[in-house]
Amino acid sequence: MQFDMSSDQEFFRETTARFLSDRVPVAELRRLSEGGAGYDDDYWRQGAELGWTSLLVDEAHGGGSISGDGLADLALVAFEVGRHAAPGPLVSANVVASALGSAGGDAHAEVLAGLLDGSALATWASTERRPHDRLGDVALTVRADGDELVLDGVKRPVESADRAGHLLVTGRTGDGLTQVLVPTDAPGVSVRPLRGVDLTRRFAEVRFDAVRVPASAAVGEVGGAAEQVERQLQLALVLACCESVGALQSGFDMTVEYASDRYSFGRPLSSYQALKHRFADMKTWLEASHAITDAAVAAVSARSPQAAELASVAKAYVGDRGDELLHECVQLHGGIGVTFEHDIHLFLRRQTLNRTLHGTPAEHRQRVATFVERGATHEEDAA
Amino acid sequence: MQFDMSSDQEFFRETTARFLSDRVPVAELRRLSEGGAGYDDDYWRQGAELGWTSLLVDEAHGGGSISGDGLADLALVAFEVGRHAAPGPLVSANVVASALGSAGGDAHAEVLAGLLDGSALATWASTERRPHDRLGDVALTVRADGDELVLDGVKRPVESADRAGHLLVTGRTGDGLTQVLVPTDAPGVSVRPLRGVDLTRRFAEVRFDAVRVPASAAVGEVGGAAEQVERQLQLALVLACCESVGALQSGFDMTVEYASDRYSFGRPLSSYQALKHRFADMKTWLEASHAITDAAVAAVSARSPQAAELASVAKAYVGDRGDELLHECVQLHGGIGVTFEHDIHLFLRRQTLNRTLHGTPAEHRQRVATFVERGATHEEDAA
Amino acid sequence: MSAAQIDEADEVEGVDAFRQRARAFVRDNLRRIEPGEVVGILRNDMTDEEELAEVEHDRKLQRMFFDAGLAGICVPREYGGQGLTPAHQRALNEELLGYEFAARMQSPTMSPCLAVLLDFGTEEQKRTHIPRILTGEEIWMQFLSEPSGGSDVAAALTTAVRDGDEWVLNGSKVWTTGAWWSDWALCLARTNWDVPKHRGLTVFILPLRREGVEVQRIALLNGFRDFCQEFLTDVRVPDTDRIGEVDDGWTVGTRWMFHERMLYNSPYVTAPPGQGHAGVGTRTILLAAREAGHLDDPQVRDLVGEARVLQLVGDALQERIKDGMTSGALSDQAAAIGRLYTGLAQARTTAIAYEVSGADGVVWGDDDGPLVDVGTDYLMRQISCIGGGTTEMARNVVSERVLGMPRERTLDRDVPFRDVPRSAS
Amino acid sequence: MSAAQIDEADEVEGVDAFRQRARAFVRDNLRRIEPGEVVGILRNDMTDEEELAEVEHDRKLQRMFFDAGLAGICVPREYGGQGLTPAHQRALNEELLGYEFAARMQSPTMSPCLAVLLDFGTEEQKRTHIPRILTGEEIWMQFLSEPSGGSDVAAALTTAVRDGDEWVLNGSKVWTTGAWWSDWALCLARTNWDVPKHRGLTVFILPLRREGVEVQRIALLNGFRDFCQEFLTDVRVPDTDRIGEVDDGWTVGTRWMFHERMLYNSPYVTAPPGQGHAGVGTRTILLAAREAGHLDDPQVRDLVGEARVLQLVGDALQERIKDGMTSGALSDQAAAIGRLYTGLAQARTTAIAYEVSGADGVVWGDDDGPLVDVGTDYLMRQISCIGGGTTEMARNVVSERVLGMPRERTLDRDVPFRDVPRSAS
């Protein structure tokens, strides 16, 4: 999280933090994990009232930011959500809000309005079922048939598909990409719940069997949505990283405290140099995770030419080091660290999930290598 | 190195160790590195007299072992050579001796005799120049033309090619492999010296431009040498691991001693828990390297069905952990560890070289994955 | 084994003859089990009823071994054992490969508990309990770790106070596997707070179903509930159930922990070789990678190869350590090298399974076969570096006891235990 | 920078106006250099003659900066500097991007040496040396590390004994870069052996070409010979060349090491941004992978991606640390976080270059372009974790000073230094 927040931002962050502490303390998370729903509608609506889904949408379309930089503001929410391991499809709802706000036009104003006030949910159906689960692989087809669009394919995992009224589906039309806003209850859409590592975040596999929607369901151009999809990916990546960094911060703080309270052989654990050195490494990973995430948020917000690369770099780094950091936290807790009763796994779960959604670190390193190669080619062309 | 040596083996190992300490102490290694030759002919001949090149050859062909298990005996020599970072093309000479002893027949008896008494050298030309440098890639062609064989291609790196009278060349004939013993002075053979990380071991790139040799130069069957080549690879792998384990042992011992002699803030380095824990990891890597190398030597010696897999496993593990171990040794020495004057780099150099020759750890992990897949398929077939 | 031992064994029953007898018993009486490894990490795949049935089945199996003269191979005959040698035990274990065995009777019942009884028990204690253990009537637990203590087991806070011919125990023990279906426990307790920590401990034995013993099951993050915590409230133990001298419990404890570290290498344990390989293995990884559809990906293959490397190196290392300790080339403390390797290798192998599973490593359906619960295993990854003594403790042992480096400074050596600084919680 | 500082700067010369002036100077006077990074690790790619010529060129450049009013930006005017602010220095540095600069004049001459002179020098010392430094006449070394000392620089054995108005120095210093072509040194010496180590030190300055100073070049394993060791034998230093109080050298030393850690962030250093990136970088790796012919291999691409990740994360981290230290959100000690990251990241990056080079990473020909000497760089890998304070020391600082964990026990705190246990050698 950045050091240079405005006082408005700081107030906004604190409001969100207080709300989360009140509404979803750890005991509540355990309760929500058992019921299956993951969160209460009421909770989400109140979050939306705090602005959680409005920040990436222009005022003209009913949104608005705190600081003028909506993504920077939203980053603070995501960080706090991660720090509390809080429920809610924050990332996917905002991706859809951003897409509808910028390319949705009037056709989707109602869905957007529902998203903004938290009365309805729309989520992003982006990644696909194996073997098409690799980053950027889109096999679902969107075919124009007269005045209609026909969708065929399988999306997975789709967050909160069971409670979303609409799905923003990314599909392929010939060589191009197309995005369509599909009602979850459209004929041919089937939602199958999945299980996962996070206690409160829910996912499903969604099948589209010859699903027909009117051409007006398209968000942006049919066959011309690649740039928009890339933008959505970048948003999803940096927001997931913000959440993860929040989770890492909680896990780390908790473990530093434990190490100073816990005595072994008459000395606090934090006096053992072998552990101190590991804490130093963890602190470095944590600060580096903050740093690269902030840099990626700023680049994506500014639509800088380096945005795509920095977003993938952040995802690769936070995904990789974040996992190691939290497993170190578990290790330093010893046996209690793997019990359900202890809180550390709440943060480990959130990090583990975010590491993998929208591309593993390995997949993002492949993407980064492509940027490196392209950069070198540009240099050589220029020379 | 195994714990259960016979007294004959122990005597043999000690003789070799004493010889190496006398003939190639570290100061001598530094001298040999500058001249360019890497070792004196006399040194190699005396090594051969000690049995260094005879152990993989039957008595009927002029060889003989100490214990009845020639590879186990040779493993002791290789370990000591590594422990002293000693010069000499031990691995490649023995690979050729083994090949000639088992498949060479009378045609190559003279070359074998020279190898055995150390009066002449023959070396293995196996791996190739990029982009054919990956494990198992053989692009050099051996074509039958009447009574002759014609070789075309590039081998690299070839150890001691500049002082070898003959090269055992592995080539391709159609879909099969062929091995040919080629005099280094045959027309069309050109040897270009290379530089490398080891102080005393020398390598070259050898080109074969329409090199013609009589059909009798073949070692084994034309187009039918795949099994023999695999055997040679296994020998090269396990012997390289033995050398490396010797180098690791020296580097580790030297660093343990340093850590107890060296004081910082009034305490020996070895009293700092952060360093102690790293020594514990290093000790584990070292013992594991000994263990897997011994297991691979035994399997290759017994021609067990697991020999190929264990040889690759040893190469992958020792290559990977060995590098880390010796870099840790450098680190724990601080600045002095990167000076030419200090001995630690002699062992790091040897390990670094052996890690990469005949396949990097990554290449061997690919090979191991293939064995895993095959094993699972067998199981399923059997079920 | 020395030549002398072999001779002695030959006088009793030759290892070869014994092996034949064992083989016949195994083939005639035991169920063959599927090849392959245990899947996943401590998965919660049985109901309590199923688990209790398994416990009863294990007791029955143990009884069958006993009746066949195959229980307590290295236990003296006077306590119901066979009075044979570790070589016999090894032969039996080898014959068990691929067959069911009395898994829940082995650790900690046979080792360390039975082993400690043999080393330090009174004649009466041994004659009472060892036969019952060998016939499957008593399953034992070790009451060693405490919630407050972590790796520092000698810092026990569980207190035993003398009251006539009895002792009154109060405190809490933790990390007992299956205490909820077990019978007896070996318990380390503090009997003197006014001396340094190692000098105020005493060992007792007690039945788990005695008044004042409350066994509570602990839920792990993956739902596994076989580990327990015990709360001892005014539990009365007769002095005849004391093991070793009063305040000399650390002498017992040291040996106790030696037996614990032996694990499946203990001469008292009857289990097929390779029981150390719990958790995720190469086969799981291969199946997951194949199911995920990425087995052709060179990066996935690299991970499969790495897992196999870790496995085969681990096997070779354990063999080397066993050989080295047997021949004396390595000290007994070298077992910590194997423990360190295994902990790290298993954690890494679990991570590899998660990595090759791609997106299905974090979100999966019930019909995803080998991909199911790989993500949950991953959350449990560190357990291999925690359970049975942390890898940090192993690193201490390797550096201090194997390499002889200076010991860590402890602030509790020459201080009365009551004055030692303790955890805040 | 605070608003107050900006106002003050505006009174003198506005940063924008300064930047214009700097830009004009740079464009008119300095040679453009090729883009791309320094190749390899401390490669020995110059003859001694060539290097001496480079030193002379750097002195000339420094003089040009001085004559243009661009030397000593943050140094007070009375000592020949410009009396401007760090913001001016930053502007100059930014304008230098892509141009040659007086590289050998910066570290350690400007920081820590000039910085320490400014902090603790007498008026006369400052008036004598600082102008000479700013005009390129004096290149300075820091005589800090000793062969016996490693990370423990306060354990200096080099001794200064008072003799009337002079001090007589004996001992040895090491790891001075380029002492063989340098002029003056800042030297930490022991003046009292009967007090604990930090309380018996004093700092002196001395010319390198004084009688009794022998400079010996050290060969690194790759043949690089720019580091030196100095042997001081009865070197006489007037008391007027003492810096700070007698026996109070650690006050100077603490500040000295602060300036040293600032490296290219020091306000006294004139160098284009990104000078921290010595060594192997992403571009080297890409070129090596392409030359090796395996750039299409997903495993190689993974490594290329990893190197780039390390680089961009490192850039972001350094920026965060600088911002955090400036705003006070992070303590000054947080610089150790950056040092730790960079050391490890560079070592890993060097390893990646070697890995993508395949077989050519260990054996290569002179015509192998980007693959030449990658293997030698790899042998030197750890230097990024050793030079300028080891990563171990950085971990101590992060855990103890940043996280506030208990300090390591030292056995040399309250003991006269002569009684402190020392290395055997």
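To keep things simple, chains are lettered A, B, C and D as they appear, and every chain counts its residues starting from 1.
Operating definition for what follows: a contact is a pair of C-beta atoms (placed from the backbone, for glycine too) under 8 Å apart; a residue touches a chain by one contact, two chains touch by 3 or more.
These figures come from a predicted structure and were not determined experimentally.
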Tell me which of C-D and A-C has more C-beta pairs in contact. A-C
Chain whose Cα centroid lies at the greatest distance from that of subunit D: C
Any idea how many Å lie between the Cα centroids of subunit C and subunit D? 54
Counting in whole Å, what is the centre-to-centre distance of subunit A and subunit D, each centre being its mean C-alpha position? 41
Which subunit A residues touch at least two other chains? 267-268, 272-274, 276-277, 362
Listed in rising order, subunit D residues that touch 2 or more other chains are 298-299, 302, 392, 395, 408-409
Which residues of subunit B touch subunit C in their complex? 3-4, 256, 259-260, 267-268, 270-271, 273, 276-277, 279-281, 283-284, 287-288, 290-292, 294-295, 309-310, 313, 316-317, 362, 364-373, 376, 379
Which part of subunit D faces subunit A closely enough to touch in the complex? 35, 282-283, 286-287, 295, 298, 301-302, 304-306, 308-309, 312-317, 319-321, 323-324, 327, 329, 334, 337, 340-341, 392, 394-400, 402-403, 405-406, 408
Touching residues (chain side subunit D, partner subunit C) in the complex: 297-299, 302, 409
Considering the complex alone, what residue numbers of subunit B touch subunit D? 127, 130-131, 133-134, 156-157, 192, 194-198, 203, 205, 261-268, 272, 274-275, 323, 327, 330-331, 334-342, 345, 348-349, 352-353, 355-357, 360, 362
Going by the contact rule set out above, which residues of subunit D touch subunit B in the complex? 145, 147, 149-152, 155, 174-175, 218-221, 223, 291-294, 299, 347, 351, 355, 358-366, 375-376, 378-383, 385-387, 390-392, 395, 408-412, 415, 420-425
